[in-house]
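Two complexes, one shared chain (subunit A), two partners (subunit B, subunit C).
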Partner chain A sequence: MGAKSETWLWIAQRASAALLALCVLVHLLTIIYAVRHGLSGAAILERTRGNAAGLAFYSLYVLAIAVHAPIGLRTLCQEWLGWRNASLNWFMAAVAVALFAFGLRAAWAVFV
Partner chain B sequence: MNMKNDYRSRNHPAWWAFLVHRLSGLALSIFLPFHLWALSQALQGEARLDGLLRWTEQPLVKFAEIMLVLLLAAHLTGGLRLLALEFLPWRDWQKSLLAWAAGAALAAGLAFALAL
Partner chain C sequence: MNLLQVSVWRGAASGGYRTYEVPRQESQSVLDVVTYIQRSIDPTLAYRFACRVGMCGACAMTVNGVARWTCRTHVTKVAKGNAIQIAPLANLPVVKDLVTDMREFFDKWARARGQFVPSATRKDDFARVASDSPGRVAANAGIECIGCGVCYASCDVVSWNPDYLGPAALNRAWTLVNDVRDRARRERLAAVAGDAGCHACHTHLDCSERCPKSIAPTAAIAGLKRAVALAAWKGEL
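What follows is the complex of A and B.
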């Protein structure tokens, strides 16, 4: 991959990190709230179903993860496994698409 | 020139911070597909979700959950430290960011563990 593409990946990693900083903070507070206010399927779904703001927030969260995680894993594969050819980029692109699709499905399942 | 790292470059808090950030990122990436699968079980109704939530009541699973919250918090605070180091002009207080990051992550993990 060329220097220009690597630069774009670096920017995407930092931009998604900045967004994730906010998302993860909200998610951690939500987790702590949830365990204090009942963790049954009914209690959770009663709070989430029909919550459009929740769906919007978690869709954005999923998008940021789908960008951030594969770029991080790509670096790890390069440095620790020595996997550096083009197949790595295709594999990580597939990971990104899968995370986005399964993430949206999970958000849909809980919020719609 | 031999560029291989030896123990001296690793016997430093910043190297441990790098390792925690990388390993927590890897662990969270492995956990994520299972997490998304579990949530999507809600598509099959409340009862299915309840079945999964009951499974998570086991002590070992509870312990794993606490570890995951701790790892998520550590990845967040370690990431904020990196963003501060990379994008803010260098100031002396940034040396103590490492301690703040570790402390905040531990506090989040404890808040979750004690709320259970």
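What follows is the complex of A and C.
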């Protein structure tokens, strides 16, 4: 990949990291709230179903993960496995799509 | 007599350690020890040095597992009891014994566009650069590099990614990026971007920790990342 593409990947990873810092914090606070209040699965679903703000938040979270994780994983594959050809980029693109699809599916499942 | 047990790498890529007994002296540097071995015990030992006063960067070796400039490293500082292990620098091909081939290290300075490209001619007046201007301050932080290769030998990323330009070359590029007299900023930023350049740095800080001149290449690399990102953003990369 050229210098320009690599730079944009770096920018994307930094930007998604900033987003993740916020999203992970909100996500953890949500978990702590749910656990400390002893919410049942049904009680949680009651709060998430039809909650557009919740769906929007988790969609953003999933997007940040789908951008951030494959870029980091790509670097790991390059440095630790010596996998440096174009097939790595295609594989990571597939990982990104998979993370996005499965993440959205989960967010959608508790919305409807 | 108080004797040092000095274990020295002999051979090239393959080889082994050989132990020599060297009389311990006051204010003895590791380079003194190596010189004693070559002059008094085994003249076939190959090593490299020039100035002996920390200016030339020729005598860097791995001492007890850590890359150091040997002329300014006191034996008392590094000896474990009476033992020292001396090896060639890591991440560079070994020519013989303690001598490494520095070609790749310096070729990477060239690849990082480490050459000054003047924007003025000899007919122009001297450039006046205020000593407290931000660019001058940033360049000052990195210009005392002596090219010893200690940072390069200490860098994990170099060992993982042989194409990585390394801390010294990127530090050099950063000093030039901050040089207002230079006109190759754009090409230089393109040269240091990407997987082989500043974006490969993991900020382990080994280079900054071990630089004998107390330079912080990590800070230079972080500066390059910012400058490159800004250039990409502006469509100048």
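Keep this in mind: the second predicted complex is superposed on the first by the 111 of 112 C-alpha atoms of A that agree within 3 Å, B and C clash if a C-alpha of one lies under 4 Å from a C-alpha of the other, contacts with A are read in each partner's own complex, and residues count from 1 in each chain.
The definition used in the following text is that a residue touches a chain if its C-beta (ideal position, glycine included) is under 8 Å from a C-beta of that chain, and two chains touch if they have at least 3 such contacts.
Since the structure is predicted, the reported quantities are computational estimates derived from the model, not experimental observations.
**Student:** Thinking of the overlay built on chain A, is A:Ala3 touched by subunit B (first), by subunit C (second), by both, or by neither?
**Tutor:** In the superposed model, A:Ala3 contacts subunit C only, not subunit B.
**Student:** Between subunit B (first) and subunit C (second), which, if any, makes contact with A:Arg36: first, second, both or neither?
**Tutor:** first
**Student:** Touch test for A:Gln78: subunit B only (first), subunit C only (second), both, or neither?
**Tutor:** Second partner only.
**Student:** According to the stated criteria, A:Ile11 is in contact with first (subunit B), second (subunit C), both, or neither; which is it?
**Tutor:** In the superposition, A:Ile11 contacts subunit C only.
**Student:** A:Val26 in the overlay: touching subunit B, subunit C, both, or neither? Say first, second, both or neither.
**Tutor:** A:Val26: touches no partner chain.
**Student:** What's your read, subunit B or subunit C touching more residues of subunit A?
**Tutor:** Ranking subunit B and subunit C by residues of subunit A touched puts B first.
**Student:** Counting only touches as set out at the top, which of subunit B and subunit C does A:Ala106 meet: first, second, both, neither?
**Tutor:** Touch status of A:Ala106: first partner only.
**Student:** Which positions of subunit A sit in both the subunit B and the subunit C interface?
**Tutor:** Looking at subunit A, the two contact sets intersect at 14.
**Student:** Which of the residues in subunit B come into contact with subunit A in the complex?
**Tutor:** Touching subunit A from subunit B are residues 22, 25-26, 28-29, 32-33, 35-37, 39-43, 46-50, 53, 69, 72-73, 75-76, 79-80, 82-83, 86-87, 108, 111-112, 115-116.
**Student:** Give every residue of subunit C touching subunit A within the complex, in rising order.
**Tutor:** 157, 160-161, 190-191, 193-195, 197, 199-200, 225, 228-229, 232-233, 237
**Student:** Which positions of subunit A touch subunit C when the two form their complex?
**Tutor:** For this pair, the touching residues of subunit A are 1-4, 6-11, 14, 75, 78-80.
**Student:** Within the complex, which stretch of subunit A touches subunit B?
**Tutor:** Listed in rising order, the residues are 14, 17-18, 20-21, 24-25, 27-28, 31-32, 35-36, 39-42, 44-45, 65, 69, 72-73, 76, 99, 102-103, 105-110.
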